[in-house]
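Two complexes are shown next, each including chain A; its partner changes from chain B in the first to chain C in the second.
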Partner chain A sequence: MTNTLIFFLVAHIFLGTSGIIFLTAYLLSIFKKEADFKWLKINSFLALLSFIASWITGGYYYTSYYGKSVKPVILKGEFSWVHSILMETKEHVFLFLPFLTLALFAVTYFAYSDFAKDKKLALSVAGLCFTIVSIALAIMLSGIVISGAVGK
Partner chain B sequence: MDWNVFLRELHVLGTVLGVGGSTFAEIFAIKFSKDGKIDIFEHEVLRICIGVLRLGLIILTFSGLGLLVLWRMRLLGPDVFYSPRFLAKMTILLILLLVALLMNFRLVNLKLGSTISTASWYAAMILGIWRGLDLSYFVIMFGFGVFVVLVYFLLEYARKTYLKSK
Partner chain C sequence: MEDKKPILSAIIVSAILTIAAIVFLTIFGELNPVFKAWLTKTFSHHWIGKSIISVLVFLVSSPVFYVLRLKKISIPALIWLLVAVANLSFGILLAFFFVETYF
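Our next item is the complex of A and B:
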């Protein structure tokens, strides 16, 4: 693996995890008595940027290295289901993340003033954020399991 | 210093902050429960402990992922990634995150939540240190469950003993 590919792989992991952390921070602060809406906006925006950047770096790694060099090794090995189930799921579900996060950012940006008054809206936004965090965590865990399928 | 040493040191730092933060949060929570209410100063102390704990979790996560990248480069594969000890550590980390969210939304009793959180930090540390552990995933997780119960009763005992002494 070249240094460029290592950089893209590390960036993909780092950015994806950062996105999860920003959204977890969002989730932990949305129902605070004195919720700081500036931070809700910043966290959702940074999460959006992180997921888009993770999308691009992961996409580059996948198309230029994984498909040619990693996938055949996994498919030949004992854990071929790791690619056929986990990677196939990951690469499709992964597409949702930036759009769901964009929706979260848009709601936070345009309707944040209603959060304190409308508990139902705040609860729905928290539900959306929890869904994104859960999907992102599942994708991260899938990535770890996929990495583990490549042995000597 | 190579990447492996650097990431391992960060991983240890994250664990130290997490275990230390959760331990002191428990100690202060017991101490502050004496009069049955939390004043502004006590709230600030607990907030700092939780902040340290969260910083530890972030350092632990990033350094752990860095170590996984190194393992991936060395093609260590299923022997390491699918080992019961590693899978148990990942599960406990997820439990830690889930409990933090549940506690934040008051969906779990605070005493129980903080017990699971403290037990999880110690269990993750013990699993990290105990390299020769040769047990199945389910046995380790069963042991974790027993450990949580033990920590719960230990903290209850400490709480009652402290309140009686005052």
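Our next item is the complex of A and C:
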């Protein structure tokens, strides 16, 4: 694997994890008695940028290296289901994240002033944020299992 | 928020439509090798094709839903619908690839 591919793979993992951290911070602060709306906006925007950048870097690694060099090794091994179930699901579910995070950012940007007085809105936004974090964590765990299945 | 409701509704409904489109493209691509081959030939990789088409679906549907002015459904209801569609779509794809692998 070339240094460029290693850089893209590491960047993909780092950016995806950063997105999870930004949204976890968002989730923890939305229920504060005096939520800092400036940070809600910043965290959701940074999470959006992280997932978009992770999409591009991971996409480069996946389309130029994984299919040719990693996938055949996993499929020949004992845990071929890791590719055919986990990787196939992960690579497509990942595409949800930028759109879900864009919706979260848009609601935060345009309606943050209503969060304090409209509890239904705040709860639904928290539900959306929790869903994004859960899906992103599932994708991250799948990535760990996929890495572990190489050469087994 | 009332003045921002049309743009928020448009973005949320477009996100719902885009996720549904990703699920459709994925499952249809697996069941129809000709379609998957077309994606690969046109976009150099089927995953790049799905990525580009999903962005296009979002970019085209957002202005359409904005013009339609979806004011009847509340923003919290639309957000919960988006949450439900995202979770359901995750489950559908996982179940599909499980069935495709073992059955």
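Convention: the second predicted complex is superposed on the first by the 151 of 152 C-alpha atoms of A that agree within 3 Å, B and C clash if a C-alpha of one lies under 4 Å from a C-alpha of the other, contacts with A are read in each partner's own complex, and residues count from 1 in each chain.
Just so it is clear, contacts are C-beta pairs under 8 Å (C-beta built on N, C-alpha and C of every residue); 3 or more make two chains touch, one makes a residue touch a chain.
Everything numeric here is computed off the predicted structure, so don't read it as measured data.
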Room on chain A for both chain B and chain C (clash or fit): fit
Contacts of A:S113 with chain B and chain C, given as first, second, both or neither: second
Which superposed partner A:G148 touches (first chain B, second chain C, both, neither): first
Which superposed partner A:W39 touches (first chain B, second chain C, both, neither): neither
Chain B versus chain C as contact partner of A:S124, first or second or both or neither: second
Chain C versus chain B, contacts on chain A by residue: C
Contacts of A:F7 with chain B and chain C, given as first, second, both or neither: neither
Nearest Cα pair across chain B and chain C, whole Å: 18
Contact residues common to both interfaces of chain A (with chain B and with chain C): none
Of all residues in chain C, those that touch chain A in their complex: 1, 4, 7-8, 11-12, 14-15, 18-19, 22-23, 26, 44-45, 47-48, 50-51, 54, 58, 74-77, 79-80, 82-83, 86-87, 89-90, 93-94, 97-98, 100-102
Partner chain A, residues of chain B touching it in the complex: 58, 61-62, 65-66, 68-69, 71-73, 75-82, 90, 94, 97, 100-101, 104-105
Chain B-facing residues of chain A, complex: 1, 6, 9-10, 13-14, 17, 21, 24, 27-28, 31, 78-79, 126, 130, 137, 141, 144-145, 147-152
Residues of chain A defined as touching chain C within the complex: 55, 59, 62-63, 67, 81, 84-85, 88-89, 91-93, 95-96, 99-100, 102-103, 106-107, 110-111, 113-114, 118, 120-121, 123-125, 127-128, 131-132, 135, 138
